[in-house]
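Two complexes, one shared chain (chain A), two partners (chain B, chain C).
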Partner chain A sequence: MVAIPQERSALARFNGRDVLGRLWSHFLLRRIAKALFTVFFVSTLIFFLVRLLPGSPVEVLIAQLTGEYGYSYEMAANQARSLFAIDPNQPLFLQYIDYLRNLMRGDLGQSLLSPGVPVTAIILKYLPWTLFSVGLGLLLAFAGGVVLGMVMAYRRNSALDHLLSIAASLFYSVPSYLFGIMVIVFFGIRMGLLPIADMRGTLSSGQQVELSVAFIKDALFHAALPIVTYALTGLGAWMLLMKSSTIAALEEDFVTAARARGLPERRIAILYVGRNAILPLFTQLTISIGFIVGGSFLVEPIFQYQGIGYTLFKAIQSRDYPLLQGIFLMITISVVVTNLIADLLYSRLDPRIRRPGRSD
Partner chain B sequence: MAQTTATRGGERREAEGGSTVASASHRSPAASRGVGWGQVFVRFLRHDKIGAAAFVVFGFFVFLALFGPLLTSTDKVTDLSQLYSQPSRDHILGTDYAGHDIFTQIVRGTRSVMVVGALAAAMSTVLAVTLGALSALVGGPLDSGVLLITDVVLTIPYIVFLGVLATFVKLDSPILLALIIAAVSWPTLLRAVRAQVLSLKEREYVEAARVLDLGTAHILFREVLPNMTSYIVINFVIAMTGAIYGQIILYFFGLVPLSGDNWGLMIQFAFTKGAIYFTNSLWYIMSPIVAICLLQLSLVLISRSLEEIFNPRLREG
Partner chain C sequence: MIGNVPSDFRLPTSDSVIGRLADDVVLSIEDLWVEYQTPAGPMQAVRGATLEIRRGEAVALIGESGSGKTTLGLALLRLLTRTARVSRGRARFRIGDGRTLELFSLGGSDLRRFRWQECAMVFQAALNSLNPVLKVRDHFIETARAHGRKDDRQTSERARELLRMVQLDGERVLSSYPHELSGGMRQRVSIALSLLLEPQLIILDEPTTALDILTQRAIIDVIRSLRQRLNFTMMFISHDLSLAAELADRVATMYAGELVEVGKVRDVFYTPKHPYTVGLLNAVPPIAGEEFTPLTAIPGSPPDLLAMPSGCSFHPRCPYATELCVRQAPPLFAVGNGHQAACFHWERVTRRLDVWEGAVR
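Up next, the complex of A and B:
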């Protein structure tokens, strides 16, 4: 019984197909391959959307340049080539190869509305603000949800549990953009509690990006409303998840054993129940990262917070195709990367998932 | 209760011998259950007050969608003396930035919200169910391929995908609008259907049909899908809530030509006309928001009720 698996593994070194299979079954490699494929898929999709749909943006631009500005076709095609990082005169396949090569070098073309400004520069300018506000919002929602969810599980069927359950369902069901509008309408306008106009933008005018208390305070002041929106609309789901996860963990044998050993309840709650109950939430975390980054596209315009979501909103409204393609790709990449990090983190925390469904 | 127990027994009987399985499709479990559902449904709503209320609210919106446009006048009367007026006998919900009646807009907007929502949900359900069931049944490279594409599309943030796609297509018809929403919303449902079919696949009556070599199409449409009807109906309702949010987002962000009546369009105008910054425009902004939330809440509650109706095990628990 013992000799057979050894024999198999010795043979595997000489069998190419099996080596590939073993590589594939490696958790890390499989994740990375999938992440790369996702990015490739999205960039390909963008290319063919731009090139192949009737009345594609490239053709529209060339028609506009030749028609309205009296460019010759050559000049218009050159202009389009630099703006989209695509050469319309080449065969489609070569264009595609060119496009991919440019992407690898980080060349996403130039913005149509502000020619000469590379899309990459625009993205780098606005993305950090979104990552900052979304990240903080997610962290607050996660931390709050874990604590409140545990409280709900420990005080099951108490008045507090019912109250928190209702609150969680309510926050869970209101979409973030409607929540944002209601914050402005009720707290900003009706009650006048928030200086909505002053809180717009990412920084007050005159405030430099620097490492100082004044800068951090100002950045937080401007990001407060988006952060609160992300945190509160996300909180409900975390609370409900943590509650059911904690209830499941409370019934585990090792918790009963810990109680029997007479460990202090506090220690059991944190080290035995909490640590195990939190694990399943990490898979949800990967999904919700993408969800919130996508949500910034709705929340930022409402609060006029100039992050990547706001920029994408403006690019879509003005049909600035190179910019919106670039942001779309960038958002996808950041979601893929955060998913990857969360997956790897999770496989560290819970070694059980590292092997694909095999029990040998 | 007796009805369901009988059906389960029937299911087992059909699967027992090869000769009975051949005629399984003629009296498939779903068909015999169809009679019982009506009774179970009525009996259930008597106990489930919240579910019953949700059905009433949803029925009200269906009524507005069907007859609303007939009961209200088409032309918007611009009345500059009545900007942002508060609710009164003439204007039940007050007026908007140009003195138009808000209640009329809510009533007239119901139809397009419901039609696009139902169409998009139907399209994504059809795609997800056929592709998901097929890939689970056939397995192999088809299954891995479908699963990979599904995972990839799931990774792309839904809202951003929707917004970007909308810039490439001129969304001037409800069908196109529904199509684009369906194009980004099928993956979740596909995964759910695939998982369900994978478990159904192991049932005896499906295995028996395989042994008899009845063909994938027969197994899919005659054996597997009829036994998933309740599951598909529930998922259709959930897909509809997603599709309604999707279209509101497209309208709200001005990605759809700004004409016609739609609640999303009302929020869009409230936002662009700066109404959210006026103190007297509360009724204008909140009316469509409350309408959306009510409709969505009724759909979510309906899907929960249906789940309990179709799945008696949940009821007992």
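Up next, the complex of A and C:
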């Protein structure tokens, strides 16, 4: 206690460092700085990766333009420059500076497949649909998994627990794309229960994007199959995770202590068991958010759902490098941002993260 | 247990009137057996414990780890794990308004009311008995609300007062999370929390274990001053004999699930009549102002509860053991005024060390 004032006064002499240190110790600022650094790092990685690929896409395009279309090298290089938003003749370092400068302005170049359309516009057009469908699917899976996992833990070794365990393992082990194909084959074609042809796409033709009940209904109708696929294939893992986490929480001393204090069992289940059991799942949630686009890449083409996964699928098929580069960057940013949100959410849920305690 | 207990506590039925609790008895445990289901079969963790606790007194339950002390405490609050059950015996409790409860047939809301309102527990300091995601204030408020005290402001006021009694800065501690407090502070919070509803009996389970020696001292002082002020009844469970000597009026020694010696703290510590109590006393530095004597460990180790020795459970480790001890389990003999010991040879038992050194050799 006595040493602290002295320490403070010593720090006061290095005022600048003190301010920086205090900023750094601020949880939110620290997280945002880390997130920005991650995005910067990955965009650099993407830049050099694309250029290090054997047969650089820029060179490939120039060769293609000169060879197949009879462009002169100058013309081809100009064309490539405008498409990639970079100048292939400049030294790599200057190209990199250019790339970063364009990036800051949100300029990711233009799509090769549909010349003249900026990559940013394509991403902005398709990304919201994926975020909507995958996000809702993930939310449903998480909520369902948490509730069912707790039921399993409370009724462990009962018939219900065994039944749910089997179901969870089953859902967990079926890959999402296979599940999607099975839905189409069985419910769509064999039994004819689902109008799968009408459910393709993100909206029915003629439906405008607007804030109306009709729009929401139509959007949900088209997204229903991908959402159900994400929800059911994700559900099993959350159930099993929540079950083991709840069983561990039930063994905690503070749960016994809460019973000793005569708290109602429902209160204990929510505030003492559930609240603590859900904490480790949030780490898992941040990881699984990273697979949002990865999952949609496999599922969206099956249902012909035109989201970012579908676009990525198309871009790979047609070697649309600027678009690929843009989507990869976008994936990074969305993962980093959702991670940031999840981190902040976690810190709201767990006071030990928000307010570090004493170490004894 | 009985499925349908009316919401009002019932008075003892005519047949239990014969064994009516004396007016000053708060808790009466009779022939209590607790068994755990283990893969190797049922294991008796508490074997026929019988004990009475009177109003205002402090009883220490001492013994080695694994002797069933904590199990006994948890059984009284009906907090045993799913694998454990009370297989025999009864425990009666005189609640605040003078009525008597049969603890092992309490159910539902009666049990909830009994917990904390009549009997509170302070858990081991090493355990995390506070919810890490709740502030200390919420622990007090949740507890009060569960027992129908809805006025949060009044609860906070009471909590601050109790925290002051355990020498904590009430306001600051109330708005802290458990991880922001030191082990000693958390234990004080637990003690303050146990007093919130003014229970008849407080069970303290190893209240100072896992705390450093100065913090232990502080906790003991806090408990002692609280007892002087509030005069509650307490049963505390400890392996620390000096703690028992300081806080207890009576001591009960537990060995392998059995209460082997019960008596006033002076009688048990100065003239122990069970060889196991003697062994415990010889294994720690002198408690009272005696001259320093060399310490002696009890030879051997506690028995395997799944394969108990025949006769007296202590005979394999006992220097006084005879043929009789191997064949027959000793009952509790009255060895003095309010002093009982489960030993056939209690008249020969002394604290003289040569007996034990002989046994070690």
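Going forward, the second predicted complex is superposed on the first by the 320 of 360 C-alpha atoms of A that agree within 3 Å, B and C clash if a C-alpha of one lies under 4 Å from a C-alpha of the other, contacts with A are read in each partner's own complex, and residues count from 1 in each chain.
Here is the rule we go by: a contact is a pair of C-beta atoms (placed from the backbone, for glycine too) under 8 Å apart; a residue touches a chain by one contact, two chains touch by 3 or more.
Please read all numbers here as calculations on a predicted model, not as lab measurements.
**Student:** In the superposed model on chain A, is it clash or fit for chain B and chain C?
**Tutor:** Here chain B and chain C can both sit on chain A without a clash.
**Student:** Which partner does A:73 reach: the first (chain B), the second (chain C), both, or neither?
**Tutor:** Once the two structures are laid over each other on A, A:73 reaches no partner at all.
**Student:** Look at A:41 in the shared chain and tell me whether it touches chain B only, chain C only, both, or neither; answer first, second, both or neither.
**Tutor:** It touches chain B, and chain C stays clear.
**Student:** Taking the superposition on A as described, I'd like to know which of chain B and chain C A:295 touches: first, second, both or neither.
**Tutor:** After superposing on A, A:295 lies in contact with chain B but is clear of chain C.
**Student:** Applying the document's definition of touch, where does A:252 land relative to chain B and chain C: first, second, both, or neither?
**Tutor:** The second partner, chain C, only.
**Student:** Can you tell me whether chain B or chain C touches more residues on chain A?
**Tutor:** Of chain B and chain C, more residues of chain A lie in contact with B.
**Student:** Measure off the angle at the C-alpha centre of chain A toward the C-alpha centres of chain B and chain C in the combined model, and quote it in steps of 10°.
**Tutor:** Result: 80 degrees at the vertex chain A.
**Student:** Check whether A:267 is in contact with chain B, with chain C, with both or with neither, and answer first, second, both or neither.
**Tutor:** A:267 sits against chain C, while chain B stays out of touch.
**Student:** Aligned on chain A, what is the least Cα gap between chain B and chain C? Give it in whole Å.
**Tutor:** Once the two complexes are overlaid, chain B and chain C approach no closer than 10 Å between C-alpha atoms.
**Student:** State the interface residues of chain B toward chain A in the complex, per the touch definition above.
**Tutor:** 148-149, 151-152, 155-161, 163-169, 245, 249, 252-255, 267, 271, 276-279, 282, 285-286, 289, 292-293, 296-297, 300
**Student:** Under the stated contact criterion, what part of chain C meets chain A in this complex?
**Tutor:** Contact set of chain C toward chain A: 74, 77, 79, 111-117, 120-121, 123, 127-135, 142-143, 146-147, 177, 179-183, 193.
**Student:** For the complex, which residues does chain A have touching chain B?
**Tutor:** 34, 37-38, 41-42, 49-50, 53, 57, 173-175, 177-178, 181-182, 184-185, 188-190, 196, 290-291, 293-295, 297-298, 301-302, 312-313, 316-317, 319, 321, 324-325, 328, 331-332, 335-336, 339
**Student:** State the interface residues of chain A toward chain C in the complex, per the touch definition above.
**Tutor:** Counting only chain A, the residues touching chain C are 252-254, 256-264, 267, 271-272, 275-276, 279, 349-352, 355, 357-358, 360.
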